[in-house]
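Both complexes shown next keep chain A, but they swap its partner, so chain B is in the first and chain C is in the second.
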Partner chain A sequence: MIAEFETPSDLVRAAQAAYNDGWRRMDCYTPYPVEEAAEAIGFHKDRVSLLTLTGGLMGLCAMFSLETWISTLAYPLNIGGRPTYSWPAFIVPAYEWTILFAGLSAAFGMIALNGLPSLYHPLFNAPNFRTGATDDKFFLCLEALDPKYDASGTRAYLESMGPNSVVEVEY
Partner chain B sequence: MATKDIKPEDPRIDPKTGEFRVLAPGFTFKTVTAKIADIVLTPTTSLGWFALFSVGGAVATLVIVAVTWLFLKGTGIWAVSQPVGWGFAIINFVWWIGIGHAGTLISAILLLFKQQWRNSINRFAEAMTIFAVVCAGLFPLIHVGRPWLAYWLFPLPNTMNVWPQFRSPLLWDVFAVSTYATISIVFWYVGLIPDFGTMRDRAKTKFAAYIYGLLSLGWRGSVRHWVRYETASLLLAGLATPLVLSVHTVISFDFAVAVIPGWHTTIFPPYFVAGAVYSGFAMVLTLAIPLRKFYKLEGLVTDRHMDNMGKVMLTTGLIVAYGYGMEVFMAWYSASHWEFFMMWNRMFGPMGWSYWMLIACNIAIPLTTLWVRKWRTNMTFMFVMSLIVNTGMWFERFVIVVTSLYRDFLPSSWGTYRATKWDYMTYFGTMGLFTALFLLFVRFLPMIPMNEIKMMLPSAKITAKAKPAVGAGD
Partner chain C sequence: MAHAAHAKVLPADLSAPPFVNGWRARALMIAILFTVVAVVLAFLGGADGVEHVYRAWVVGLMLTFGFCCGGLTLLMVQYVSGGKWGLLLRRPLEAMSRTLPLIFGYWVVSALFAKHLYAWAKYSSGAEALKAGLTEGEAHAIEWKHPMLNLSTYWIVALICFAIWGFFAWQMNTLSLKREADSTVNTPQWIKRMENLSGAGILIYSLTMTAAVIYWVMSMDVTWYSSVYGLLFLVGQGYSVLALSLITVLSLSKAEPFKTILRGTEQYDLGKFTFAFVMLNMYLAFAQFLIIWSGNLPEEIPWYLNRINGHWGIICTLDFMFHWLIPFSLLLSKDIKRNKKRLIKVCQWMIFAKAFDLFWLVEPNFKDAARNLHFSWGILEYAAVPVAMTALWMAYYFTNLTTRPLVATNDPHLAEILEPEHAHA
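Right, the complex of A and B next:
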């Protein structure tokens, strides 16, 4: 069941109210990031940062050990008697790979945690979703999986919040 | 300074701050989407686009011809020889990479500093970065002599049991530039995902909806997704910032680690990075000024953007000027005969004209005029200025590479450098390639990030007061 709102403020207020009333299986859909709406539905921890840190450290260790192994064991080069384990020279590629791995983890981690790509979603069947959610309308979705859900009651509940329209989506 | 020379009732000025407005008043969510998406989704392409694209494409064929001949004959067709072993290829490589740096600066560093005005220009500035890196990457690749063996640069196991030498700055370059290209593309694509969603939903033909739908990965704007998306963008910006500073630093190591007078200096890393940003902003202006006129985007890319970009150029130009001054000072203060001679030869030797060209284009003309706000918002002036600065920065690379090499320690081994037609063809060809790629971007992708513009609109402000008719919450 989705309700369409005209302004972000209306959406945030409605989402906050529904959350306070005990709804949990819910989501908001907006054309641009509305942090307040995420706060309102109680979502503020994401694991993207942790993934990025892990990725970065992996890149660092991978490159630094590769360089050490190549320069000291696999293919030691004696150039003017300089030490083969010349770690200051290894910093630059290791630094670049830290950034490379961290950046890729951030981007692909975000996509994976979001469950994308998922080219189909039931919400796309709602008549007003595709024209609004990525353009200028704000949606609150209360899902049927929530124990508080019942078709007529939820519709009346959403309509009491002053939306443009309330639509039931085939799930 | 110059707030006085603009009348206070000027509609372009925000009365609260006395600065130019970032966006023209009167935009709503709907008009932002329509304005940006419809440039791409229109079925008709203007004749001007085709005309420019044919010019760009025609010039790009030069690079194809030149590279084909190069692969057949070898690098001997270029002017590189002893003592100038590095010629146009490295000059153009450094020049193009430098141009790319402004895109990352705009998309990453200004995001971290919460400079919201950047939102209008970051998408196409970043596209510019990617295409500039494409042009830059071509040069070292074709300069290796046997480009089909270029994979030897990477630490890959092979039957000869040979591995790369990690103590060479040239190998550091491989990692710096390949990371830079990858992260730029990823950052750019992540920024595009939500806009692809918008394009999918607005597309009028099935085919366009299908393609944009695939590219959008099924983006549906869930706020949970948005929170992760924002975190990822911020982290990518935080990672791209040290990256962009490191890339030109590593490139400057290619020179600074050598013992050649004129290269062996510690001023190179900061001065290379500042020069990169300087030329990059000039290129952003070269692209933005015709673009906003042609597509009537003055409401989104406003005089504020032009004014601010002028200020950034002024700042980085002053850093570059300090770098030049320091080079001259150190040539004297080092009391090294070779350093002193190098600087004298650079200024008054047979190639002295290139040094004075660089001083005129990078310092004398821009750094005296960019102080005036009225000129910073005069588009003809800024366009000409951006071309002058780009020329000047190319001469800077030329001066550093050629005038340091052609007369070094032993007079008996002095030589000269005169680029051949193949050098020029490759150089101009990459400009055509850049133009063609950029025109394709403008035609097929939204050149301004819609979701980031919507965030800046006054209607995006969350207000606490409830609508009277609503009995929400019970």
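Right, the complex of A and C next:
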């Protein structure tokens, strides 16, 4: 069951109320990130930052060890009489790889944690969702898997929050 | 609009909360206490102690100069870039920029004992320097750089710099009050006018401050030069000014009016901005090191050897950790940037780290300390003189904070900052 709201404030208020009333199987859909809506439905931490950090550290270690291996074991060269293990020269590529790996982990980690790519999502069956969710409407969805769900009761409950419309989504 | 219903209202009284006077009293007490400590240490150290007072004075000068003129520059950057964060920082930054007379006083004192700080001021010609036992390289540098490095040019350049900074500080401060008094119809013109003045100001400040730091700090080692030096100090000023601004804003948010206008979003944004400066600061410092290390030239590399050999490597490593690794790792965390108490702690640490970095830059310039880190009563002056000078400066800054309303009301961003956080993307 999905309710469409006109403003983010309405959505946040509705989401907070539903969460306080005991709803858990629920989600918010907005055209841009609304962090308060995520907080309202009990979503506090995401693991993207941890993935990014891990990726960055992996990039750092990978490049630094690669350079150390090349310069000391695989192909040692005498450059200006410096020791073959000259760490200051290794920093720049290691730094670049830190950024590259962190960036890629953040992007792909975010996509994977979002469950993408996904070929089908039932919400697109709702007539107003296709246009509104990517433009200027804010949606609160109470899912049928929640034990509190019953078709008529939930509709009345959502309508009491002053939405533009309430639609039952087929799936 | 439905969310206008729970927009916040600006309190009627916008003046600084009374506890700012308490801060000032505390700052003055610290200034007096550390002045006493500095005097005692100077007596314990004898002649060496007094020499170190002069050197530590430069650390204090650079630290407070960074707060004052760095504050002025961040104010101008804010006018050019716009953004809601600027509305929060505008009055604190103005208060920083109005401390210029004290910086001028600090500088005049350092100019009076220039002969103790700069070899080029002590010896007017290369021959004289050679006779006094300086190396041939130093004597040559003194002779060669004489048209630039002599006391008259030193005074003239600094006076021109102070006049220019004074002009911009005066303009930014008076125009801001005039804008407040004017009707809101004219605000767009005011925004344009501040923007134009600031654009020129940022450019001129970058050039003049480069000249100033070359004279005041870099020329302590008469042979050495680095083309990134001015930029390194400029970014360093951004580093310490943002830390001080965050401390100010977060501490003020315990009471009105900042309690109302400081939102989580802007606090988080300022934390990220500070993080960027932590990164850029290290980026430039390491770039300078990497280039000089790769070149390995006899006229450049001694500057680093003076600061690494003879146990200075310990200070250098600690500097790297204090100045970059610790603030970087802490500010990486979203939770710390969102937590007021912890963010204040990180910012306080950053200001300490800046002073520590200046110690590493200044002390090894001198023959007795280069490649020879050793204990003397004098070296403790670095923990006394800069603290006393900064505390006195802080007292002045807090006084300036209380003289104006803390929020600029004649600004289109004000309405946005009073809205709830989720209202805009």
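Criterion: the second predicted complex is superposed on the first by the 167 of 171 C-alpha atoms of A that agree within 3 Å, B and C clash if a C-alpha of one lies under 4 Å from a C-alpha of the other, contacts with A are read in each partner's own complex, and residues count from 1 in each chain.
Following the convention adopted for this analysis, a contact is a pair of C-beta atoms (placed from the backbone, for glycine too) under 8 Å apart; a residue touches a chain by one contact, two chains touch by 3 or more.
Keep in mind the model is a prediction, meaning the values are calculated, not measured.
Look at A:G109: by the touch rule set out above, it reaches chain B but stays clear of chain C. When both complexes are overlaid on chain A, the residue A:A37 reaches chain B and chain C alike.
Touch criterion met: A:S49 reaches chain B and chain C at once. Contacts of A:F90 after superposition: chain B is touched, whereas chain C is not reached. Once chain A of one complex is fitted onto chain A of the other, the partner contacts of A:L77 are limited to chain B, with no touch recorded for chain C.
When the two complexes are overlaid on their common chain A, residue A:D10 makes contact with chain B and with chain C alike.
In the superposition on chain A, the residues of chain A touched by chain B in one structure and by chain C in the other are 7-10, 12, 32-37, 49, 89, 92. Looking at the complex, you find that chain A touches chain C at residues 6-10, 12, 32-37, 49, 53, 80, 88-89, 91-92.
Looking at the complex, you find that chain A touches chain B at residues 7-10, 12-14, 16-17, 20-21, 27-38, 41, 43-44, 46, 48-49, 52, 56, 63, 66-67, 70-71, 74-75, 77, 79, 82, 86, 89-90, 92-93, 95-97, 99-100, 102-104, 106-107, 109-111, 113-114, 116-121, 123-124, 129-131, 133-136, 160-162.
If you check the complex, the residues on chain B that touch chain A are 28-30, 33, 155, 161-167, 169, 171-172, 175-176, 179, 182-183, 186-187, 189-190, 194, 197-198, 200-202, 213-214, 217-232, 235-236, 239-240, 242-243, 246, 250, 253, 450-452, 454-455, 459-464, 466-467, 469-474. Chain contact summary for the complex, chain C toward chain A: residues 1-3, 5-6, 286, 289-290, 293-294, 296, 332, 334, 420-423, 425.
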